[in-house]
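Heads up, there are several structures right after this.
Next come two complexes, and both contain subunit A; in the first it sits with subunit B, in the second with subunit C.
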Partner chain A sequence: MSEIILNPKVQPQVPLEAQNVTPDMFAGKSIDEIKNIEIWFGNEQVSLSEFFDVEGESADNASEIKIIIDGDVDNTKRIGQGMTAGEIVIKGNTSMYVGSEMEGGKITVEGDAGPWAGRDMKGGELTIMGDAGDYIGSSYRGDWRGMSGGVLTVYGNAGNEIAEYMLGGKLVVKGNVRIMPGVHMNGGTLIIGGDVIARTGGEMKGGTIVVKGIIDEFLPGFEFLGVEKDIEIDGELLEGNYFKFKGDNATKGAGGIIYAATKGNAHIAP
Partner chain B sequence: MELVKNVVCPFCGTLCDDIVCKVENNEIVGTINACRIGHSKFVHTEGAMRWKKPMIRQGDEFVETTYDDAIEKAAHVLADAKRPLMYGWSCTDCDAQAVGVELAEETGAVIDNTASVCHGPSVLALQDVGYPICTFGEVKNRADVVVYWGCNPMHAHPRHLSRNVFSRGFFRERGRADRTLVVVDPRKSDSSKLADVHLQLDFDKDYELLDAIRTVVRGKDILYDEVAGIPREQIYEVAEVLKNAQFGILFFGMGITHSRGKHRNIDTAICLVQELNDYSKWTLIPMRGHYNVTGFNQVCTWESGYPYCVDFSTGEPRYNPGETGANDLLQNKEADAMMVIASDPGAHFPQNAIMRMAEIPVIAIEPHRTPTTEMADVIIPPAIVGMEAEGTAYRMEGVPIRMRKVVDSDLLTDKQILERIRDRVKELQASK
Partner chain C sequence: MQKIIKNGMIYDPLNNIDGEKMDICIDNGKIVDSVANDAEVIDASGKIVMAGGVDPHTHIAGAKVNVGRMYRPEDSKRDVMARGGGMRAGSGFSVPSTFMTGYRYAQMGYTTAMEAAMPPLLARHTHEEFHDMPIIDHAAFPLFGNNWFIMKYLKEGDLDKTAAYSAWLLRATKGYAIKIVNPAGTEAWAWGGNVHGINDPVPYFDVTGADIIKGLAEVNEMLGLPHAIHLHCNDLGHPGNYETTIASFDIPKNIVPKPKYGHRDKILYATHVQFHCYGGTNWRDFVSAAPKVADYVNKSDHIVIDIGQVTLDETTTMTADGPMEYDLHSLNGLKWANCDVEMETGSGVVPFIYAARAPVPASQWGVGMELFLEIKDPRKICLTTDSPNAGPFTRYPRVMAWLMSNKYRMNLIENELHKWAQTKTTVATLDREYSLYEIAQVTRATSAKVLGLSDTKGHLGVGADADIAVYDINPETQDLSAEYMAVEKAFSNAAYVLKDGEIVVLDGTMVKPDLYGRTYWINTKYKPEVEQEVLVDVEKWFRQYYSVNFENYPVQEDYIPRSVPLLGDSVPGEASGKEPAIEGASK
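The block that comes next holds the complex of A and B.
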């Protein structure tokens, strides 16, 4: 793999939009050409080198390129948007839309990521070592088709409405989430290691949600199916006892499944 | 004294069109038919101070200037900014709004209206799940079950109940007696006092209650004996009232658009209305606040494809409330200049947003002295639409109504001011 290192200079107050920072865009370009790739700075386009020092070695194929962003880019949006191959490592925090619409390849954010990470994700692997914001693995505003493939993993906590309108793929949050995980979910798998405040799977019609922590409040529109021991989700065995629910019966044709660990969740069973 | 009839009230989204204004010496001195808040707007009570001349800030004070100078300064601020924000728009007419969208496109700005802090969530929800709406006329003539959810029309839209609930209609000859009024509000209010059924739910539990009602309407049982503080039996009773309506209408306000979950509360409310159509005829209308907040969403949608929070920075319109809303831009410190028109964010925005407004150049196109103008660098006073200028506005359910001019003013209109800023910005951009 050829490594291209982007060293952030200063992050301006008006955000940068770097949808051009993907292995796909860098492939087949020399380092000098990469320096001149345009990114948005507010309503103006500037060359990448204005905000990043660029060094390393490029390659012809996206799949042979690893982009290392060596520091915080917490006011840079859309890194890795729509990428299909190769790898990006962000050694710090980043802003909104990292890995949105990605179809393949791998992104690792070593710090935190902003909202809409992995929005409309179709494939590939997006890993966030820190916390993530709202709407990760969601759909575009007004669209009823969200994340459809790939694996999105967050090691920290996440915000509201994650996996909104999810269709497929796998979203794992090891920490806690806020309200409405899996709202309008139609397919795919959402696994939450920590706690949920409320409205898990609101208006869901399909897919599976597993919550290992505590659900503070649960929706009344679900049907209680009993307790299951050691469940198997996507070929992975999750040990322990789980309450099983089907719903959300507020919606027509509801067939979503929620597993909630029995430990700490006795209050949500009828 | 002269009486000017059939005047449209430029205050709330009810847009009453039967006001009579009493005019003396080119001044409105009284009204007939208007409610108290509408009347106050017409006669300018409550110590309002009008700006009579454009103002420019010099140090800590404002000095009088000409329209030419103020517009020149405004055009420079907007043309030089990297992420200008244009906010407000809800108390002016559609033609001015259309010029505003053009100006936003010209300057690569983000344009947003007051919907983003009131019924923006409703707009988001209707994009997700649809919009089964009707007009006031249908409500008055047909509705036999009227629900007000999360709103207090007696105070916020004072003539709404008299026009839609108490009034007699073609199929509702006895008026109020022919209708069942349901109010859903965690508090007792002057509207809930009038209701046949008051669902006094727990705060922030609108989504839970709607989830339960939808489940019951669909013939399924709910998990718990009590949801949102409402007992199971009452949820079943209300579901029956809703299903047995001949023509039902759901009016909803800020109490549900801004309680926990925001647009998802509206989303599930809209779905409830859709599903009730399996049993009866049901529609809904959002209780829009400013008289032409609906108009901006209409204008912006036909100009750009999106109703509010539109980002023109890359030349093509993009839209994402949560990122491109006025508060998002201010609180994330993205905006580097702001133009405020026909609204008062200085009085209504959260502290963090105001702090950013204080840091950046602010242009206020505003007839009165307001907290926003206190923060402004340039103040450009317009004639007030609906009183001193005519124009079109959209009533809350989307009916356009032509507003009348009642008295004369020598101030420029919002539209004229915006056109002049736009033309100057174009010249500046061309010379860049």
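The block that comes next holds the complex of A and C.
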């Protein structure tokens, strides 16, 4: 695999939008050509080299390219947007929309990611080692068709309304999340390792949500189906006892499933 | 600056010109007999020339359109244009922003478009959006069919007062025509219901759709309005509704058209009839009734219809037919906006996906095409998509190509459409193909005439506004039925578009995006002494019920940058007084 290293110079106060930083865009280009790839700086287009030192070796196919962003890019959005193959490693924090609309390949963020990571994701793997913001694995604003494939994993905590309008794929948050995870969810799997503040699966019609921690406030539109032990989700065995619910009956044709660990959640059981 | 368009093949149905090679002379924004030798030459060799397109029914400006823009960011994302070449940035596939709306119409060679549903209370908003909509001449049709004053006076049987109020409302809103949407039904929706058919009385006012259609058709001729009553029938989209449709068409047939301006000879304009041609009792036993409705139209001389052709896109529906939008939302489960406009009307907005593979949209596509192909006289048809309800106006070129090519239609029917298009409609058996002359008829001539604007719009005769489209289509060398994709492309990107004699589009690209069109409106009064009585009622109900003061309600003429009042005592002209925008009959 050819490695291309982008060393961030300075992150400007006006955000950069780097949807062109993908293995697909870099494939078949020389390092000099890659330096001249345009990124958005506010409402202007500038060369990548204005904000990044570029070195390494490119390749003809996206699948043979690994892009390493060697440092924090706190104010750079859309890295890896729509990528189909290859790999990106961000050795620091990044801003909004990382891996949004991605269809294949692999992105690893070693720090934190902003909101909308993996928005409308269709395939591939997006891994965030730190925390992530709101609306990760969600739909575009206004749309009712969200993340449909791939695996999005967050090792830290995540924000509000994650997996909104999710249709397929798998979203795993090891830490805690804020309100309304899986809101309007229609398919796919959402696994939350930590706690949820409130309204898990609001107006969900399909898909599965597992909460291993504590749900502070639960919605009334869910039907209690009983307790299950050692559940199997997408071929993965999750040990322990879970309350099983079906809903959200606030909406027509509700067929979503929520598993909530029995430990600490006695207050939501009937 | 004088101009001459040379060697083009002219298609001008209002002047009976069918593909003749002629030169078109232009001076001072008008088409004239001749120009000097040094006039700028536009070479239209191997190209066709038509008057600028006239869209008689579209939704492009006002409150519900803006709700569509605001609540569908996912639609905005589908079509984004950066600023450049003097053009503003814009976005929106089914509901484009105002500037983009003007540009996109012009690029297709359309130079006039009518906003077909303006809630009177929101007239100011509508005109404000026109301020930011370049190129196209325009007007807006205020909604009358569920208005409390109209229903009150019709209940009292007082046509004089109905007419006097109507004239006042057209002046107050700077409106152009009497628009009727689901008469009695939208008011019933304010009570949580709907009406079914034309003989179902509205709560409280106790008048029926039939009473409203008949009363307003009579008022239309008492006022001598240029356009006919513009009717969106009851029961839109319901299987079995064709009986309501035909019964509605029949109501005003014995009234005689008496326009005081223009040359309209029809009494009724019925809109998006495709949505009103359904047989059966539910969506399982549904069958197209377009042949029955087409037969009625073929045998009738009092009516013009537009189609509302489904274009098989994901789009945004928006209408003053509030209960219909609730039905649609219940059907597709997508987001729904609903609004009650005080004492006047209501509205709703719901996204809709007309998927070719789905049975109902495929059938609806067939129903629209059946109407186009089975109504024999294109002088009774206007091409529309009820934009954006059945599809965005940017698809007009595709509809034209479908009409001109049986091969294009059969490819679609056999390879892409659900089989219901063939089993529920007769579209696959119809091999008629429109000529360019017929295309010009349904996109310019019929609409200009029924709008009452055919002195200056919809034709290329001397005295017409120099609104002209030149398309890169050569009927002498091209087989238009076989080369349907080339036809669609040519109609999408006109070679030249002139607006008021200025070249605004060149090779499909805007070159003069900062020209702004006229606003037509009706400046008339019916019996001043009756109007005085009516205004006593109006002011009383304003004090009691309206959320705005009576004095703040009318849109003042200063609000209209290029105001063209029709009728009235004053000589119609531009507000600036620079040039008379409207001249007498020139043909």
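As a convention for this text, the second predicted complex is superposed on the first by the 270 of 270 C-alpha atoms of A that agree within 3 Å, B and C clash if a C-alpha of one lies under 4 Å from a C-alpha of the other, contacts with A are read in each partner's own complex, and residues count from 1 in each chain.
As a convention for this text, a contact is a pair of C-beta atoms (placed from the backbone, for glycine too) under 8 Å apart; a residue touches a chain by one contact, two chains touch by 3 or more.
It should be emphasised that the depicted structure is a prediction, and the values quoted were computed from it without experimental measurement.
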{"item": "Subunit A as common anchor, with subunit B and subunit C clashing or fitting", "value": "clash"}
{"item": "First (subunit B), second (subunit C), both or neither touched by A:Q11", "value": "neither"}
{"item": "Contacts of A:N241 with subunit B and subunit C, given as first, second, both or neither", "value": "neither"}
{"item": "Which of subunit B and subunit C A:S49 touches, first, second, both or neither", "value": "neither"}
{"item": "Which superposed partner A:L219 touches (first subunit B, second subunit C, both, neither)", "value": "first"}
{"item": "First, second, both or neither for A:G202, with subunit B first and subunit C second", "value": "first"}
{"item": "Partner chain in contact with A:D134 - subunit B first, subunit C second, else both or neither", "value": "first"}
{"item": "Segment of subunit C that clashes with subunit B, given the candidates 148-156, 544-552 or 562-570", "value": "544-552"}
{"item": "Doubly contacted subunit A residues - partners subunit C and subunit B", "value": "141-142, 144, 252"}
{"item": "Contacting residues of subunit C [partner subunit A, same complex]", "value": "71-75, 77, 333-335"}
{"item": "Contact set on subunit A toward subunit B in their complex", "value": "13-15, 17, 40-44, 96, 115-116, 134-135, 141-142, 144, 161, 179-180, 183-184, 198-199, 202-203, 217-224, 248-252, 270"}
{"item": "List of subunit A residues in touch with subunit C within their complex", "value": "139-144, 252"}
{"item": "Parts of subunit B lying in touch with subunit A, wherever the complex brings them together", "value": "81-84, 107-109, 124, 127-128, 207-208, 210-212, 214-215, 218, 220, 222-224, 227, 260-261, 264, 267-268, 271, 275, 312-314, 319-323, 332-334, 336"}
